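One chain, subunit A, appears in both complexes that follow, with subunit B as partner in the first and subunit C in the second.
After this line comes the complex of A and B, so read on.
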C-alpha cells in the first residue's frame, strides 16, 4: 500500500472534525432529551469511526522487517494491533523491550500489569490530543 | 497479484452493504413503538458518523488491490440465477420493511381492517364482530414472502429476456418503436403489463387471506424495491470496484439518484394524496364482509390491475436501472458479460 497523500490526509481531518462535532452535538442533544439508546448509539458509532479510521490510516506506518519474538503470557499480535491503532511504533518497540526484561516479563501477571499501566494512559492521551486538535484547541497541548 | 492473495475473500462489499442496510433499517425503526432516537433530528449525527465510516472504507478500499476471491469473472448474482434468488431476497427485504414501516404500533396508524370504519367512512359501519382484530406473527410470513418473491422473480427472470428480445425485434421492424428497445422503457412497460396480469391474480388472493395483517402501503413497496435493488447494485459495484470506470460510476450515480427521486416522489404523493388508504378502501369495497369473500364482478380485478401495474412499474423501473448498471460494470470489466446481458432475447 502506498503512503497517504497530504490531500487525502486533509480530507480525513475534515471528516474527523465533522464526526467529532456531530458526535458531541448528538450526545448533548440526547442528554437533553434523556434518550439513553440514542446517546449510546451515537457514542458507539463515533468510537467505531475512530477505530476504523485509525486502524486504516496507520497500516502504512507500521512495518517490521524481522519476525516478532515469542513471549510467554503475552499476545504480541494483539499488542501490535493496539499500538497500530494508536499509530505509535515506538510505543510498541518500547513495550517489547520492557517485556524482554526478566523483571517485567517474568510472569503473566507482571507483564499484563505493565501493559495495562502503559497502554491505558497512552490510549487516553491519544484520544484527548486528537479531540483537542480536531476542535482547534491544540494550543492547550503545549502546556 | 501474488498467489498468497488468491482465494482470499474480499469482505469490503459485505461490510459496506451491511452498514448501509443497518443504517437504513434504523431510519425505518424510528417510526416504530420505541424509537432509538428521541426525534428524527436526533438521528442526524448518527447518520453522519455512519456515512463517514462508509466514506473512510470507500476511500481506502479504492487504494488497496482487491484480493482475488471465488466470485470469478462473472458478476456476483449470475443472470440465470438472478430472477429466483433476487426475487426471494427482495421478498425478505419487502417483509422487513413492511414490518418496520407498516406494522401496527401505538404511535402508527396502520392501514388495516381495524381502522376501516374511520378510514373509509363506511355507512353503516362494519360491526366489531366482523372485523379481524388479531395480527399474525411477522415471522410466520417469512416463507410466504420468500416463495412469492421467488415465483415472481422466476417469472420476471424467464419472461423479461424474451420480452426485451421481442422489443428489440419490434424496434428493427418499426422505427417508431425504437425508443422501446432501450432497457428502461422496455422494462417499465413490462412492469406495467405483467404487474397488471400478476396483480389481477395475486392481489385478490393476498387480500382474501385477510388474517389481520396491515395493508402494504405503496410507499413501502417503493422503498423496499429501491433498497433491495440498491443493495444488489452496491454489492456488485463494491465487488468490482477496481474495474469500474468513470462512465460506470456516472451511470451508478444517475440510477441511484433517479431511484431516490422516484421513491421520494412516490412517498410524497402517497402521504399527500392518501393513495394507499384510497386503494385499501377500494379493495375493501370489493370485499363482502358478511360472507368473507370477494364480491362477484370486475371490481376486484380492476383494483388488482391498478395496484399490480403500479407496483410492477416501480419494480421494473428500478430493476431496469439495475440491468443498465450491470451492463456498465460488465463493459468496464472487459465486455465479458455484455453479450450475456444482451442475449436476453435468445
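After this line comes the complex of A and C, so read on.
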C-alpha cells in the first residue's frame, strides 16, 4: 500500500488532533453561549480543514489520477475527488472495481445507484472512525 | 518473554477473515465478499467493506494484489480496471483461530456458571 513519509504522517496526525480538540472545545463553548452561528462556523471550519488536508495528502496516491478510465453517464473524477476528501484510496479502487461487475456496470443508472448506496455509508463510517481514532478511542471501532 | 500479541477481530473483520479462509487459496474482491456474506445472518455492507479491508490490511490481517487478467465476462471495449483481490495472511488466520477458540469456550462458561 502506498504510504506517505511516516514523519509527515505523525506530524499531520498531531495537527489533526489539535484541530479536532480545538473544534470540539469551540463547539462546547458555543453550545454554552447558545450561539448557533458560532457552532456551525466552528464545525464547518473543522470539516473544511479535514477535507482539504486529506485531498492534499492524497493528491499523488490515486493510481488513476492522470488516466482515469471513463464510463458513460458516471462522473468518475467526482468519485475520485470524494475519495480523496475521505483520504481513502482503497475505497476508490474498490468502487471502480465494482463497476466491472456486469450487474452494476450494465447501465449508468445501476452504476450511479451502486456508487450512491456505497458512498454515503462510507463517508459516515470514515468520518466517525477518523474522529474516534484522533481522540485515541480507536479501541471502540467495531465494524 | 517477547510475545507478539495477535490482533483482535471486530465482527466485520471476523466475517471477512472467515470468508477469505473458506475461499483460500483463491483471493476475493470486495463485492464478492459482500455477496458471499449475504447468504448468512451476519452480512457485510458494500458501504463499509473497503474501509474495513483497508484497516485489516494496515493491521497485517489481509494482503492484496491487483487482478492480473480481466474476468471472462469483460469484452473488448467494456469498462475494465484491475480489481483488488484480498487473501488472508498467516496473522489473519491466527487471529481468526484465536477468536474461534474464545467463542468455543463460551458454552463451557455458560454451563459452568
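Criterion: the second predicted complex is superposed on the first by the 129 of 143 C-alpha atoms of A that agree within 3 Å, B and C clash if a C-alpha of one lies under 4 Å from a C-alpha of the other, contacts with A are read in each partner's own complex, and residues count from 1 in each chain.
As a working rule, contacts are C-beta pairs under 8 Å (C-beta built on N, C-alpha and C of every residue); 3 or more make two chains touch, one makes a residue touch a chain.
Source: prediction; values computed, not measured.
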{"item": "Clash or fit, subunit B versus subunit C on superposed subunit A", "value": "fit"}
{"item": "Which superposed partner A:118 touches (first subunit B, second subunit C, both, neither)", "value": "second"}
{"item": "Contacts of A:132 with subunit B and subunit C, given as first, second, both or neither", "value": "neither"}
{"item": "Partner chain(s) touched by A:81 [first = subunit B, second = subunit C, both, neither]", "value": "neither"}
{"item": "Vertex subunit A; arms to subunit B and subunit C (CA centroids, nearest 10 degrees)", "value": "160"}
{"item": "Which of subunit B and subunit C A:97 touches, first, second, both or neither", "value": "second"}
{"item": "Lowest inter-chain C-alpha distance for subunit C and subunit B in the superposed arrangement, angstrom", "value": "24"}
{"item": "Interface residues of subunit A shared between complexes with subunit B and subunit C", "value": "1"}
{"item": "Sites on subunit A touched by subunit B in the complex", "value": "1-2, 8, 11-12, 15, 18-19, 22-23, 25-26, 29-30, 33-35, 37-38, 41-42, 45-46, 48-49, 52-53, 56"}
{"item": "Interface residues, subunit B side, partner subunit A - complex", "value": "36-39, 41-46, 48-50, 52-53, 55-57, 59-60, 63-64"}
{"item": "Sites on subunit C touched by subunit A in the complex", "value": "10-12, 29-31, 45-55, 57-58, 64, 70-71, 73-74, 78-84"}
{"item": "Subunit C contact footprint on subunit A (complex, rising order)", "value": "1, 64, 69-71, 88, 90-91, 93-102, 104-105, 114, 117-122, 125-126, 129, 141-143"}
